[in-house]
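Take a look at the structures below.
Shared chain: chain A. Partners: chain B in the first complex, chain C in the second.
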Partner chain A sequence: MKELLKKLSEEFGPSGYEDRVRSVIREYIERDLPKNCEIAEDRVGNLYFHVINRDKPRLMINAHMDEVGFMVKGITEDGFLRFGCVGGMNPLVLGAKRVVSERGIKGIISAKPIHLLTNDEKKQLPKVDDMFIDIGATSKEDAEKYADIGDYFIFDSGYVEYGDGFIKCKALDDRHGCAIMCKLIDAIKQGADTEYDLWFAFTCREEISYSSARCASEYVNPDYALVIESKAVQDIYGVDDEKKVCILGDGAIVSFMDNSTVYDKDMVNKLISICKKNNIPYQLNKYISGGNDSSAIQKSICGVRVGLISAPSRYIHSRANVVKYTDLEAMYEIALGLIKE
Partner chain B sequence: MDFIKESLKELCSLMTVSGFEKKSRTRLFEIARQYFDEVSEDSFGNFVFVKKSLNNNAPRLMIDAHFDMVGMMVTDILEGGFLSVTNIGGLDTRILPSAEVTVYSKREIYGLISSIPPHLSKSGSKSSVPTLEELYIDTGYSVDELKELVPVGAPVVINGEYTELQNGFVAAASLDDKACVCAVFDAVRRISAEELKYDIYVTVSAQEETGKCGAALSACRIRPQMAIITDVNFGAIEGDKDYDSIVCGKGASVDISALTDRKLTRGVMRLLDKEGVQYQRICEPSYTYTNNDLVSVTGEGIPTVLMSIPLRSMHTPVETVCLKDIRSLADILIRVAYTEKTDLEAI
Partner chain C sequence: MTELLKKLVLTSGVSGREDKIREVIKAEAEKYADEIIIDPMGNLIAHKRGKGKKIMFASHMDEIGYFVTFIDEKGLIRVGNVGGINTLSASYSEVVSERGVCGVALPSDSNEVPKVDALCIDIGARSKKQAEKRVSIGDYFVHAPHIKRLYGNIYTGRPLDNRIGCLVLLEALKNVKPTDNDLYFVFTVQEEVGLRGAKPVAYRIEPDIGIAIDVTSAGGKPTSPKTKVKIGGGVAIKIKDASVICSYEIVEKMRELCLDSNIKYQDEILLKGGTDTGAIQTAKMGCLVGALSIPTAYIHSTNEMIDISDVKEAIKLTCAIAERI
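Up next is the complex of A and B:
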């Protein structure tokens, strides 16, 4: 799965421009397509893999394809690009970072150097409005050859394995979910049975209020949904234990609640029982924070019973998302267990 | 320009955190031996390279560019595989979260700088900039493994790989001051010994970022009749006053300060004017905050000229310069090296 994870995570795909990620996934899941399976795309760009079992209850498994990024809002007379964030980001992770555009133009996020700030300014958090993307243009006219208003940029930050089984890349949130779903589809192709009319939904624009997952839910009309996601945790030195949320390497996170959703109790129990039965490492989230596509799915149609498994992830929405590989394996096992139940 | 591009890329890849410049001595010497008659180092860690003129009694011209770069040092090994660090040189902690680093110990260890989002910050303040004490290096190892791997005191580089932008602009860590080292090498490489009026003593000096005494110690030994200090200066960004900044891509600058030699500085500018060489000017009325300030008062005093390459995003892993400005500084250095000191002062 690592090879696929690297390819997916390094691919360009900010919210609203998931096309390239979708192509990579589509190419992957189309191979050796079994007769009882079909592939579809909807009008907002969500991609589906359907294992046809029409008389069975319908389960949708979902991961989002998009990542946080930047959009060019304007070009200054000097040829610098003013930008806004696509998705939520802390300005503290933006300064002096490499970025790359949809056209492959490289740039850096720049601002006034610290030497030239007043003492008051040094104490203030940087503001996106004070930053710009420097692509090496010599004037506005020159910059317009390389970028236009509305162009997307993303973090230019590749896949690295480090320490004892940790992985760093931009966009691991939620390409690891996409990779796990691709591997589940592989398992189906290799003969894994399912008791569901099973849909895998690769969704768009999660980073902007989970907006396309609602469409996916309307399209599929599931009885149950399992969301595969990243969960921001802070298991780093200096953080009080109760605020660490969860620990990387302690297994998949099964959530009962976060800021967007109270998860279906039966789903939570089922996920936990799968873990216990199969000795899969899991942990419960110990701090209520964050949200994801499950919120939109749960409140769609006439209500969907939704569960969540997530990878404990450090530094999400930055250029350096971090996950531990063993947690991803656990998530895969849980989802596979659910499909077979 | 190919020489500049290739050698700059290599220079930027060398680990030269202030105080640890010697780690890259071997490779620097290999490069320098191609262009210089003598290579040496002193007890402080400065590297001195000599290019002789054909004239036996030529005056000594010192040209300085500092080799060191800002970085960090490991201060403790912590639970969960984290390292606490202190800064070496001036660091902007606002750009550190999520940066990648290399810890230099028995082997090179990859790490990430952690961050705590404001809503989980200890101080609870959503508007405060993290101090270095609140940031840790995430290595992904257990504390026991880490204690085996990393000693306290190990230097840390903030990774900033060489990245090409448009129009010959490049971004990399340590372009301050490797851009100038590159320019000096490019100049010496192209200088003809026949026309050279000086014995050139190039100091690729240590610890500019941590006290600026390296170059002055070299100057003390060399006792040059004249010195040119080369460093980077702030490249203009939107909103900067045009009289207070130099512009990337418009050539190197001659810096004018009370701490540089007035006659020589004006002489250099007149020379460049006369020969139609493009350059920029910037005033640093009192301190220049470069090696110039100590070199100029070394020994019985050394007449200095300060020249700069404009650089954006200073002291970050994405320092940005235009390669044209490196070539421009090299061209200026060559013209000066071909002109007698007395002629410069007389112009």
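Up next is the complex of A and C:
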């Protein structure tokens, strides 16, 4: 899975521009397509892999393809790019970071050196409106050759393995979910049986709204949904235990509640029993925070029973998301267990 | 009626975990409905069949509370809030878990009104190990339920928001006269966390008219918001709240029904807070909506207060809408 995870995570795909990620996934899941499976795309850009089992209850497994990024909203007279954030980001993690555009243009996000900060500025969070992308242009005219209003940029930050099974890359949120789903599809192709009319939905635009997941749910009309996600955690030095949320390496997170969703009790219990039965490491969330596609899915159509498994992730929505490989393996095992139930 | 009210109030059910209260309501609704449906989110639909207008009444059965997130070395329990907690009232009040474990909600600093994530729960355990015998991560706590009659028609207790609405709906289901209208009495889930349950039900039912029944803030007390709505002033007919602008023809019609049937009513505009009305109005292709409210003081505190005579008027109006709108 690591090779696929690297390829997916390094691919360009901010919210609204998932095309390249979608084609990588499509190419991967299309190989040796079994007769009882089909692939589909909808109008908003969601990609589906369907294991046809028409009379069975319908389960949708979903992960989002998009990542946080930036969009150019203006060019200054001296050739710097004004930008807005696509998805929620802490302005502190932006300064002096390398970025790259959809056309492959490299840039640096401007940041004042400490020598030039006033005492007031030192105390305040920087504002995105005061930042620019520096692409090395010398004038507006020069810059316009390389970038245009509406162009996307993302963090330019590659896949690195370090320490005891830790992985760092941009966009691990939620490409690891996409990678897990691709591997589940491999398992199906290799003969894993399922008791569900099973849909895998690779969705768009999670980082800016949950509307694409709602479309996916209306397209599939599932009885049950399992969302595979990243969960922001703070298991680092100096944070009180009750605010760490979860710990990297302690297993997949099975959530009972976050800011957007109270998860279906039967789904939560089922996921936990799969973990216990198969000795899969798991942890419950120890702080209530964040939200994801499951809220839109749960409320869609006449209501859907929804569960969530997520990878504990440090430094989420920055150039360096960090996850631990063993947690991803645990998530794969839980999802596989659910499919087979 | 008061026996049923007692049962509704004393059965707990935080948003997303409404199983127990749903069972109580189901046992009562079954006696009068043609059909009972429980949808995937847990909404309970009691259907009284008819060939006329499709009317959906909705009253939420969930309440605010806490989920256990962490147990510390000393056995203190950290929680995340479910819905809008009044932390001033919550401090030093009794809480009880889904397994019946009692505790006290504590602020982290006794000198100021705590922020909601500064509340923790003391169940009397002296260590993490002791606490873990009785409480697990993911358990829910609610403020201890209770109800008392004070003076005359005035009752205090919790959670009157919105078990009192459930009572109105059950009494209306019981007392409604035979009618052509196709009636759906819905007890919704997860209202307190953002009107999450009502929309999928409205999507399923596709009503012509949606009517929510909930509590509304009453004025006239030192701490109450500026509003003309009074406890004892009759059922409140909602014109708007933060989630909805009610369909004007429904508001007018509700006033007419009150005048025709001698039902005591007052107009209501709620500035803060929303109701299921907003979610129902915009589900699927949309529908006409209205809402009737029970004037309530100290909403979301550990002692909410109502006048039972308003509840009686609310039942009358609900029946009138079901029969004659």
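Criterion: the second predicted complex is superposed on the first by the 341 of 341 C-alpha atoms of A that agree within 3 Å, B and C clash if a C-alpha of one lies under 4 Å from a C-alpha of the other, contacts with A are read in each partner's own complex, and residues count from 1 in each chain.
Simple rule for what comes next: a contact is a pair of C-beta atoms (placed from the backbone, for glycine too) under 8 Å apart; a residue touches a chain by one contact, two chains touch by 3 or more.
Quantities reported herein were computed from a predicted structural model and do not represent experimental measurements.
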First, second, both or neither for A:304, with chain B first and chain C second: second
Partner chain(s) touched by A:92 [first = chain B, second = chain C, both, neither]: first
First (chain B), second (chain C), both or neither touched by A:246: neither
Residues of chain A touched, compared between chain B and chain C (which is higher): B
Shared chain A contacts, counted only where both chain B and chain C touch the same residue: none
Interface residues, chain B side, partner chain A - complex: 78-82, 84, 90, 92, 94-95, 97-100, 110-112, 114-120, 122, 126-130, 134, 136, 138-142, 145, 163-171, 234, 236-239, 249, 312-318, 320, 322
Complex contacts: residues of chain A adjacent to chain B: 76-78, 80, 90, 92-93, 95-98, 105-116, 122-126, 132, 134-138, 142, 146, 156, 160, 162-166, 168, 232, 234-240, 243, 289, 314-315, 318-320, 322
Complex contacts: residues of chain A adjacent to chain C: 223, 241-242, 256-257, 262-265, 268, 284-288, 295, 298-305
Residue ranges of chain C touching chain A (in the complex, touch as defined): 15-17, 19, 39-41, 43, 67, 69-70, 72, 78, 80-82, 137-138, 190, 193, 196-197, 199-201, 203-204
